[in-house]
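First chain A sits with chain B, and in the next complex the same chain sits with chain C.
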Partner chain A sequence: METIFQSVFSGVLMGCIYALIALGLSLIFGVMNVVNFAHGDFVMLSMYFTFWAGSLWGIDAVLTPLVTFPLLFLFGVIIYYGLISRTLREHYTIQIAITVGLMTFLRAITQLVWQARPRALTYSFIQGNIQVGGYVIALSRLVSAIISLIIIGSISYFLNRTWPGREIRATSDDLDAASLMGINYQKTYAIAFGLGSSLTAIAGGLLMTFQQVDPTMGLRFGLLSWCILALAGLGSLPGLLISGLIVGVSESLAMTFWDPRARLLVIYLIFVLVLWVRPRGIFGRK
Partner chain B sequence: MVKQVLQIKDLSSGYGKVTVLRDINFQIVENEVVAVLGSNGAGKTTLLKTISKLISPFTGEIIFEGQNIASYPPYLVAQAGIAHVPEGGKLFVNMTVYENLLMGIYRNRKKVKEDILEEIYEIFPILRERKNQLARTLSGGEKQMLSIGRGLASQPKFIMLDEPSQGLAPKLVDEIYQKLSILKKRGITILLIEQNINYALQFAERGYVLENGRIVMEGESKELLNSEHIKKHYLGI
Partner chain C sequence: MEQKKNNQVTKSLLWLLLLIIAVIIPWILGSNQYSVLLVTTVLLYGVMATLWNIIGGLAGQLDLGSFAYLGLGAFTSGTLLIRYNFTPWMGMILGGLVAAGFALLIGIPLFRFRIREVWYALTTCALVEILKVVFTMWEKVGGPVERYLPHYGSLYHMRFSSYIPYYYLMLGLLLIALGVNYRINKTRLGYYLKALGEDEIAAEVLGIDTRSCKLKALVCYSFLIGVTGGIYANMYGYIHPSFFDGQESIKVAILGIVGGRGITYGPLLAALLLVGIQEFLRASIGGDVSGLYLVIYSVILIVVVLFRPKGIATIFQDVYQRVFSRRGVEKKNVQ
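== the complex of A and B ==
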């Protein structure tokens, strides 16, 4: 019984970070209908940047988003104007080719720069364990989950209460109508792409407080976020969070009771099942 | 001296390689209410879309307050002060009624307070009641009113209405035109597109008749109503 609780709880904590990663993907896909296959590799890239900032300048992993957030935002905006904006009027297969190409490129670059071996940071000031009623909780995971929730809440505020946020929602609802209101959709798309990318910087920093990074990680995070997005559908932030938790807990249970190597398999199973049974997701609109 | 608001010169436009509008010429002066009439597929909607630049014209000039806006992107046309209430309303369906109206303020967001919405609630009291509802939950008539309200919220110099009566029951059409006459009294320059010739010519001062992408007739509303061509082809008398 205790093992189950422990496993579910650690799954919930991971699920919060997963939801944060998927939120980035959801912003991009929801607004401009572009399938960014490189999203998971943005997470990996963020983790390597965190590793650099940590090992070269001694910045604690939790604090690296202060540097990597603007960096990834800029990276996203450049990718948008350089690659994505040119493909908007093209067939969607061209967009897939472009983002899959970007994915391959990022993997190759990270292998060149950081080599194929796993990298980790030695110390974060949120390391250590705390005891809650007989259960052991890793402090780094708990803090990471809380920060993820705060960021998701902030994004919700941004989307509902600020002008750039409303621009994103209006453009996502009806591109023509948004243009008729005076919205420059190219700018809105660039902001959405930049923001979606920069969320991976926060997730990457948090992940590096308790795990290592290697060049194949992008696949895992890409798959994770697609699975969460498929579960959640578009347009519901609470739905996205719950889906993140479902994926986190399933992964954790599979690792505890089956085999740690089965984690991706379980996620893939959920993904296929959702697409098969309910393609618009559990919480999605329309 | 009367001030020209919009002047269209030798405009042709369409989709891809298909030409829909040919050699369109007309103008609207300040405070005028002008109707463009025509049957389905005559090119009415294409005309409005070309003016607001959702479609780029092939040739010709679109002069708004002395500026040729033919090469503007759509968002700059909107920012210049042209409001386009599109066919079917085109609301932001996953946003609330209030947020839809707020998007109307968008072009003036740095100058205006939200008080301007009070004026719109006065014209359309139902929108105040529905304020916090998602736009997708509104009835057809309410959707049309919200779309017009959203257009007005931008405090336009010139507003274009694409078939405000489309798909509505006759009683609702009366109500919409009652609301539109409030705008007319306020002196807003209006370009109206309508299939319903009776409503359009009672509301507008002048009209143009569009057939197969060309303007075939123009004149005062009364003249048009009495013309043999209109009677025969559009009113079935």
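== the complex of A and C ==
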């Protein structure tokens, strides 16, 4: 019983970060219908940035998003104007080809700069465990989950209460009507793409407090966030969060009670089953 | 009419020339086994991308699962050889059947529930990763350690001491793949596939049974990839769960897209150019600076996609038309 609780709880904490990663993808796919295969590699890239900041300048992993957030926003905007906006009118396979090219490029660059071996940071100031009623909780994971929740909340506020957020939602609902209302859709798309990428900067920083990074982990994070998106459907933030928790918990349970190697198996099986049973997702709006 | 005939003759001559070049390449490289392996690898991607054209180019289903079928074929043929001393010449056919059976098992519900576009792509991509984990955990057949194929240097066991026979096997497969593509293009199924690849709902309205058409294309593609898997296992001499490689499966689909969707020789052209460049760079600078060859490769890929979204094959079509059609026009004027 105690093991189950422990496992579920650590899954919930992980799920919050997964939801944060998937939120970035949801912004990109939901708003401009662009299939971004490089999203997982954005996470990997920001984890390497965090590693760099931590090992070269001794900046703590939790604080690096202050630097990497604007950096990845800029990166996303450049990628949008340089590559994505030129292929918006093309067949969707062309967009996939472009983002796969980007994915290969990012992976190769990280291999070139940081070599292929796994990297990890030695410490963070939120190290250690806390005990709550006999259960041991890693502090770094708890803090990461809380920060993820705060970020998801503020993105929700941004989308619902501010003008750029409203413009993003309007273009996502009806591109033509939004353009007629005087919204510059190129700018809105660029903001959405930049924001989607920069969310991975926060996730990357949080992940680095308790994980290592290697160049091949991009595809895994990419498929993981697509899985959460399939589960959640488009356009529902609470749905996204719940889906993230479902994925996190099932991964954690599979690791505890079956086999550590089975974690991805369980996630992908959920993904395939959800697509078969409910192609619109469980909480989907569109 | 005569000009059309002339055109056909020049086309056949071009293909014949290419075939002759392909046949003599191993004799030129003969002394260097490594180069032969690289050329065979390029051919392998050519075969896979050409086969991908059936499901991806004609039927418009973005399949990212090619290495799932390749791995299934490799594991079937390899395990039969290791366990029962079964000849891979038959084993690779069985491997193809296993791959096709698996594809049916997956394809029927996928097409039944109308999973399309991105979601079809992601499902097939997840499938490769699922099989990788399954075969890593299934200790009786796979497991984390490589299983080496026995009987080195025997024709019955398809284990040769040089890469040249494998090169010719791959070349044979490539011809089969091109032939199947060409044949499907000419049949009713080919027209149906092209129609549903353009617009699935419109094709359905016109009375095409899209589900069975897509299944036929999927079975055809997965069977031949499974057969390729048998040769793949024998060429490398071992079987390992890392054969189920999601990254490489995506690469095969990208070759099909970049080559020009629906153009029979497009994927082959893309494979020859892109994989050729990649393998050449890997061989020449890969040892000094790891990752640099991939940087160059991906930049080339992005540039090609940006400036030729209709496919590399269209460049050659343009050049071909410019060279041969103008001459045809001039001849006409003279006459």
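Keep in mind that, in the parts below, the second predicted complex is superposed on the first by the 285 of 286 C-alpha atoms of A that agree within 3 Å, B and C clash if a C-alpha of one lies under 4 Å from a C-alpha of the other, contacts with A are read in each partner's own complex, and residues count from 1 in each chain.
Throughout what follows, contacts are C-beta pairs under 8 Å (C-beta built on N, C-alpha and C of every residue); 3 or more make two chains touch, one makes a residue touch a chain.
Every value quoted in this text rests on a predicted model; they were computed, and no experiment measured them.
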item: Partner chain in contact with A:163 - chain B first, chain C second, else both or neither; value: first
item: Of chain C and chain B, partner touching more chain A residues; value: C
item: Partner chain(s) touched by A:235 [first = chain B, second = chain C, both, neither]; value: first
item: Touching partner for A:268 - first (chain B), second (chain C), both, neither; value: second
item: Partner chain in contact with A:174 - chain B first, chain C second, else both or neither; value: first
item: Partner chain A, residues of chain B touching it in the complex; value: 52, 54, 73-76, 78-79, 83-84, 86, 90-95, 99, 102-104, 106-107, 109, 150, 154
item: Chain B contact footprint on chain A (complex, rising order); value: 163, 166-167, 169-170, 172-174, 176-185, 235, 285
item: Chain C residues touching chain A - in the complex, by the definition given at the top; value: 62, 109-110, 113-115, 117-119, 121-123, 125-127, 129-130, 133-134, 136-137, 246-247, 250-251, 253-254, 257-258, 261, 289-295, 297-299, 301-302, 305-306, 309
item: Contact footprint of chain C on chain A as seen in their complex; value: 35, 37, 83, 86-87, 90-94, 96-98, 100-102, 104-105, 107-112, 115-116, 216, 219, 223, 226-227, 230, 259, 261-262, 264-265, 268-269, 271-272, 275-277, 279
